[in-house]
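Take a look at the structures below.
Next come two complexes built around chain A: one with chain B, the other with chain C.
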Partner chain A sequence: MEEAGGASILKIEDFLIATPQEAMHDLAAIQFKDELLRRLKETKVSGLVMNLGRIDVVDSFMGRTIGEIANSANLMGVEVAIIGLRPDVAITMVEMGISLGNVHPLLNLDLALEFLRNQRGGA
Partner chain B sequence: MTEFPEEGVVEVEIREDFDIITARARARVFAESLGFGIVDQTRIATAVSEIARNALTHGGGGKAIIRASKDKKGLEIEIVDEGPGIPNLDRAMERGFPSKPGGLGLGLAGAKRLMDEFHIESKPGVGTKVTMRKRLPSRIRR
Partner chain C sequence: MESKLTGAEFLKEKRLLDLWKELIRGSAGRTFELMTETQLDEETRAFVTEFVEAIGSGNYEDVTRPEYENLLKILRGVSASRVEQGFTPTETAAFVMSFKEAVNTVFEEKIEDPVKLASEVLVMGNLIDKLSLYTFETFVETREKILKEQAMALEFTNPMIMVWDNLIAFPLQGILDTHRMAMFTEEMLDAITRHQARVVIVDLTAIAAMDTATCNRLMQAIEAARLMGSEAVITGISPAVAFIIVKLGADLKARTLRELREGIKYAFRVLGLKVVEESS
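Let's look at the complex of A and B:
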């Protein structure tokens, strides 16, 4: 496990699981993005799970940062699943018109891993 | 639930990234103390986050003032900066303007949508003041 901008990044099977910390300030979010993309390249995984369960505010900056992570990961050939988004955060994002780019929202880690395994198998 | 903090005013200086987090966290706690539910707390915290960031990145820093609204029916937040001001307010309020990343558009328009009232005054060379209010659902009002 490694800390990146206050986030944990775990490797399991052929995937990374990244959990940003609560109340990540702007610079920490950028560090998180850079570190995560670096680790995707280094570990050559086929999938990324972003666990957003600790995040209590997704504003336009955080939304854009998560979207940039997802789109960059896609370009590197990595599928991205997100889990754990709090309902109040999801409602607020929809009302603001924030979308996260090409991510697959799933209910929990089990389903996210299953999804990513199937993506890899089907490719 | 705590007493309605009629005299309570929370001020947060916005000088660096981390102050945005402080401002929105204080707004969330204040909203909770007034009886706002979790979804409204998050709407308020997100709106504060957007406007505080504008004050920092476009206004060079400023201040957030959080208080119960005068009519005691909700929460009022004022965010002021002494930056260059916003030359074309109507266009800046349009969603997606300007198209460059970090632009004001999504932030201002988004914050406005999350709150019940949203006023913005901006004078070139003087600064920008945003006043936002959220009303408590009537069943919670005292």
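Let's look at the complex of A and C:
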């Protein structure tokens, strides 16, 4: 697997599933972003699932990076779903004012894949 | 048994009552901010009547005896109402303390023999001190009871109803403050993960009012639920709560519906479920 800031990026069907590691320092976050966007272009997938389940601390930089990835992916014509956000992380993000307006939060991977398939069907 | 106090008869006079009320008025400045004149009138009159009745038995020492039962009952009532009305311990104690002062003044006016005066003032003083202590004890007891009740209300967790697969409901009730709202947020988000709830119904039917900070917290909870992939639906918003949300200028990102059953209907639609009447 390529260097992606310790994150794993898997492909399934027409989608990518990216799982950042728990403690991602700033440099790793940037590497993760670069690698992920590169893979999106390379694989020509229609959807991206970001699994945030391993993140237990979130800071403003991390929050912004997630937003930037989603924005860039949207511009590349890729729908973005996030899954697995933990309750305390979710509350922290809200308190920090990170709204993630351009991603679709979903409960689990099943629902995320179902959602992305429907999006593709609609397009 | 001691001989009867000759001063006891003076206590029946209106002079004592007037003197006492004047002293209360002078000592506890806030008394009439917190209670009405009529209430004080009733309390002082009932107390004096029962006091005269009790010492009529010739027992000036032991307030635990049955002849003092009615008097103690009045004192319990006084203490309890003082706690509820927000009196301080000093203000409460002033009620009985000033009675002692009033009694002393009346005795000084009426009893001429200095030796007799001294002994009667002493006996009366000891007795009233005991009553004063009793008042104070009940005051503290009542206050502790109320504090305990309040703590219990805080510990009380919000009930969760598992309405259907992937559908949970929280009928909130009681007084919602920021502390309880923070607890609720935690419970709700945990429940979403645990039950994989795609829809959460937050029912506010039993919430009459909410302050703005609490309302803000509720909106944060709803937003956090959204980030976790669950949709929060609010039902049963009362006019008062609706107005607060409007005044906040808050953008409530949740679907709000009139009552719980509409919330359930909506949730069923989201979950792709349909309720069909069984054909007879």
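Here are a few things to note about the model shown:
Rule of thumb we're sticking to: the second predicted complex is superposed on the first by the 119 of 123 C-alpha atoms of A that agree within 3 Å, B and C clash if a C-alpha of one lies under 4 Å from a C-alpha of the other, contacts with A are read in each partner's own complex, and residues count from 1 in each chain.
The working rule: a residue touches a chain if its C-beta (ideal position, glycine included) is under 8 Å from a C-beta of that chain, and two chains touch if they have at least 3 such contacts.
Quick caveat, the model's predicted, so the values are computed rather than measured.
Because the two structures share chain A, they can be overlaid on it, and in that overlay chain B and chain C fit beside each other without clashing. Our angle of interest has its tip at the CA centre of chain A and reaches the CA centres of chain B and chain C; in the overlay it is 50°, to the nearest 10. By the touch criterion defined above, A:Arg64 reaches chain B but does not reach chain C. In the overlay built on the shared chain, the residue A:Asp26 is in contact with chain B alone; chain C does not reach it. Contact with chain B, but none with chain C, is seen for A:Asp56 once the two complexes are overlaid on the shared chain.
In the superposition on chain A, A:Leu111 makes contact with chain C only, while chain B stays out of contact range. Judged by the touch definition given at the top, the superposed model places A:Val94 against chain C, while chain B stays out of reach. In the superposition on chain A, contact of A:Leu10 is made with neither chain B nor chain C. Taken over all C-alpha pairs, chain B and chain C come no nearer than 8 Å in the superposed arrangement. Common to the chain B and chain C interfaces on chain A are residues 86-88, 91, 95. Contacts from chain C toward chain A in the complex involve residues 166, 185-186, 189-190, 192-193, 196-198, 220-221, 223-230. Partner chain C is touched in their complex by these residues of chain A: 82-83, 85-88, 90-91, 93-95, 99-100, 105-108, 111-112.
On chain A, the positions that touch chain B within their shared complex are 23, 25-28, 56-61, 64, 86-89, 91-92, 95-98. The residues of chain B lying in touch with chain A in their complex are 17-18, 20-21, 24-25, 28, 38-39, 41-43, 45-46, 49-50, 53, 95, 101-102, 106-107, 109-110, 113-114.
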